[in-house]
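Please go over the structures that come below.
Both complexes below contain chain A, partnered by chain B and then by chain C.
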Partner chain A sequence: MTAADPILASDTWLARTGPEEHVVVSSRARYARNLPGLPFPMRARPEELAAVAERVAAAVSVHPRFRDGYHLELPGLTPGERTYLKENLLISPEMEKGNEHRAIFLSPDIALAVMINEEDHLRLYALDAGFRLNEVLNAVIALESDLAKSLGFAFSPKFGYLTACPTNTGTGLRASVMVHLPGMVASKQMAEFAKSMPQLGLTVRGFYGENSDHIGDFFQISNEITLGKSEEEIVQAVCHVVERVIEREEQARRSIFEQSRGAAEDEVWRAYGILTHARSMSSDEAVRLLSRLRYGVDRGFFPALSHGELNRLIIAVQPGHLQYGRGAIGPAERDALRAELLRARLASRPSNN
Partner chain B sequence: MTAADPILASDTWLARTGPEEHVVVSSRARYARNLPGLPFPMRARPEELAAVAERVAAAVSVHPRFRDGYHLELPGLTPGERTYLKENLLISPEMEKGNEHRAIFLSPDIALAVMINEEDHLRLYALDAGFRLNEVLNAVIALESDLAKSLGFAFSPKFGYLTACPTNTGTGLRASVMVHLPGMVASKQMAEFAKSMPQLGLTVRGFYGENSDHIGDFFQISNEITLGKSEEEIVQAVCHVVERVIEREEQARRSIFEQSRGAAEDEVWRAYGILTHARSMSSDEAVRLLSRLRYGVDRGFFPALSHGELNRLIIAVQPGHLQYGRGAIGPAERDALRAELLRARLASRPSNN
Partner chain C sequence: MMHEKLCTKCGQAAASVKLTKLIKGQMEVQWLCSDCAAEESPYQKKISALSVQAILAGLLNQNATEAAAKPVRPSIEATCSACGLPFETYRSTLLLGCSQCYEDFEEYLITDLRKFHGSTVHRGRVPEGTPRPIELHRSPQELKRRLREAVEAEDFELAARLRDELRRLQTSEGGSN
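== the complex of A and B ==
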């Protein structure tokens, strides 16, 4: 099991349905953990990284959730495969670099993962579509507890779990949800909303996490601080904000359709018209227009189109996905392929135009 | 015959097919004529205008080409009807004002017309779709010759036919063609082209003539000077330029498709996607997008769509056409009706998307 092909060939996990999927695209909980007596990856020598990878792999490969799953050694993957995994939100931009002794284990249902030798020795995460933060928290708690028995993670009674970056010290937990907020963006609520996050110990990031722009009105909301709080308190805080966000977003969408129904419907249908007819399209424009269609899915304009299908398309139009398996193609050819893919996937589905 | 309804209900003459219709939308030849012994309309008293109208009507109504045609007294039409006629390019903006003793006679096939008491006592014109300047010239020459027998137009051996504005003195002929030049606009040839016209005694105007902007890459090319030249020389000069324009426009379209076929096709299909899906559209945007479709008609993208149908749509989306017969509607409602009309007319026709 070293080829990424089975994952790459399968549909992305984002295509699943989940609670509150009209606003919440996905939920994720991850733990940062390290082995005692070995330096953090950034300061480790190659043989130390190799030792980490070997010990973690031994523990994970016998875990029942990873039976029949995937064990991918990052340096063994092509750059295209790594980009593909990053665009699917399965590995971080850091892992995409493919340095020596980096690996990822994925459960067969792509719901549970262990990244080895990223910033920390281990990054364990559980993820699912929709608003399921408690479920993914429980899944990653169970995994951590199982692996702790054989690996015995580095822990200080004073600071909690020790991590390469101090912001992860403590529980080492990051709970995050990806939300789609076209209503709040259109009604210009996002700046004020983002500003209110730090005082709650939370932060707002773009589609691909830290340092990524917000594209298509997608945002990740997660906890900033892991020290001095229990897992339950952290998840509680994120859940509380996400529940408020869902309400505000629903209210914003209602207001938009009440106050300027014609303009809002016009925007959705124009997006659909362009997506189903253009011959060339950048990934930014594609995501922006697909984002508009979510409105229309909510309003029943596209009975054959689900939120999951839109999520899948947003991933499918990313450069690495279009490039994958095609050899060297230039930007113009990629933009043409993207438009072709969108026409094929969307134009065949009935709409209420 | 005082109601405009029969004309308004019929499809516009622009929907006809004609030679070189991919570039030349229509051809028109008009004579300015005045009755001797009566002041020009601008300086005439009401009873003088009434006398002009009566004498001209008597002559025109017995002319065989106007049998079963239309005799419309402008003050008797509603503002909506007058706007409708102007948008159909049948009356001038000046006639649209509907002042007393103004009238228009139209032949049943809307190919020949006499406007009474516009700037001159008579404006006779012949018009048709496509590049048919010699044909419309011959038609208006024949009409003028017939009417001259009973009306005896004001003529000076030195200046030729006398007209209210000196620029029309001489033959009183204006020969004009409406051309569609998206290729020359896109390749930025229009400024230089327009600049070269005066030295040929010609001028370039917008879709609705003098003082109208060029919308959707439509232009009217016509002679500026009528003095010191014969009808044949005038028409010859316009024809010569139009023939060159057709060549240049064809060359420009070929270059665009050769040099950036993808971008050109993309532009056509995006226009079609928006036209068949938008819920609200201004008339300027509609004309601009319909103008793009002409490219696609040339390339066989829309087998069920003709240049005539596009011409008809360009008129049908004008504010007065949408307003007509609907009572008081606001701009937002009009924009919604326009989008609805475009979807109904275009979406039902098969395309090669």
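== the complex of A and C ==
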């Protein structure tokens, strides 16, 4: 494989469209699982990690959903490829380090993923575009029960599924929804909103999850509690909050326009002007300006630009995506490339000026 | 959407009590908040958040503070019998070494699990073929949870039944908590 060959032939979940895309970028359900009788990865010796990788690979590679999919060993990937996977939310920042015996399996449609030897022996993921949390929960449950037949997972009748960190014990489920909330951020509702989350057993994090920076106005809403509740109760709690968030975000965007229509419209068109004419742009600036376009898409200013396309553009301007398949390029070259990509993708869309 | 009535006396808090007075054959209706109602009527006791705790503690016939988790400091030397992880390492990393750690450190982990999840009992899916133990449905924890919900909902009839069931369970188990 050369640097120019993409590691993923098809587009990822990002190419699909989903419900409530004007606020919800993606939905994801994750199960943490471990094999019985072997120490958890942080405590395991290299030969034990190799044994885990081998056993899991044997089970996943014969699973029908993974036929013609991908088996990527992290140490064999370039840092650029790992960043690309991270930006697609297919591997965690921890996996990006690419330690020995870490691997990932992806279904050909990239809707299912199995991470091997991260914090736990297995992290099973189901993901999709838009607000589809119940669907991804069902997908990850189906994958888990298939794999359980050949692998068997560490389980205690009292505590449920055993995980390396007790914050995941029980169901081992993390149900998360990535939302874009420029309206709530602009109207300064986020701090108060985030504060109300713990009492619901939920949390709000940045783009890449735990301890991560927030990119633009993107947030992940997910459950914190994994023990003492059923999978359905957990997903219901997250869905309930996300539904409220969609309403509040819509309301916030509306009132921004109602209160100062002229100024708000001016900001949208200025953002569009810069995005379609700049010759160099950092990823921070690109995300900030693309966030402003969101209001314009809401108002129908850009009939040819959908919310889903805007979501994809925001991922496409991230450094790993920009650089993907191009080998190592410097920051200046990257900023020029980013401006070029934005001009090509946005200027060709006739706007309703 | 219903509008919340404000207290007719202080005009500050939401009214939760309808007080009807008969003065010289004339009926006078007042909507009061719980604070003002306590002052106005000899029959109306002030209801505070504490009272749920007090009722619960009374029902369970135990000291309210006993219900709160007591943090236990384990001895420094505790290590896992299977992977050898010292408990102190878990303390600093929050990562356990293996499945056996859950058994060897159980009494300390319970405190953490309750802190993280507000629960120590798994109620999610179980591996295929694992019979779901009956006790899990009527475990003391589950009964206490339902009891608390019943008290909060002021369904004292249900609360009394749950209390009796809890007592029976605890007697049959030798009064374990």
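Everything that follows uses one rule, which is that the second predicted complex is superposed on the first by the 338 of 353 C-alpha atoms of A that agree within 3 Å, B and C clash if a C-alpha of one lies under 4 Å from a C-alpha of the other, contacts with A are read in each partner's own complex, and residues count from 1 in each chain.
Criterion: a residue touches a chain if its C-beta (ideal position, glycine included) is under 8 Å from a C-beta of that chain, and two chains touch if they have at least 3 such contacts.
As the structure is a computational prediction, the values presented were derived from the model and not from experiment.
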Contacts of A:Gly216 with chain B and chain C, given as first, second, both or neither: neither
Per-residue contact with chain A, leading partner among chain C and chain B: C
Chain B versus chain C as contact partner of A:Arg343, first or second or both or neither: first
Touched partner set for A:Gly296, first chain B, second chain C, both or neither: neither
Which of chain B and chain C A:Phe155 touches, first, second, both or neither: second
Which of chain B and chain C A:Ser280 touches, first, second, both or neither: first
Partner chain in contact with A:Gly130 - chain B first, chain C second, else both or neither: neither
Chain C residues touching chain A - in the complex, by the definition given at the top: 82-83, 85, 93-99, 102-103, 109, 112-113, 116-128, 130, 133, 136
Residues of chain B touching chain A in the complex: 262-263, 265-266, 269-270, 272-280, 332, 336, 339, 343, 347, 353
List of chain A residues in touch with chain C within their complex: 34, 36-40, 42-43, 119, 141, 145, 148-149, 152-162, 164-167, 169-171, 173, 201, 224-231, 233-234
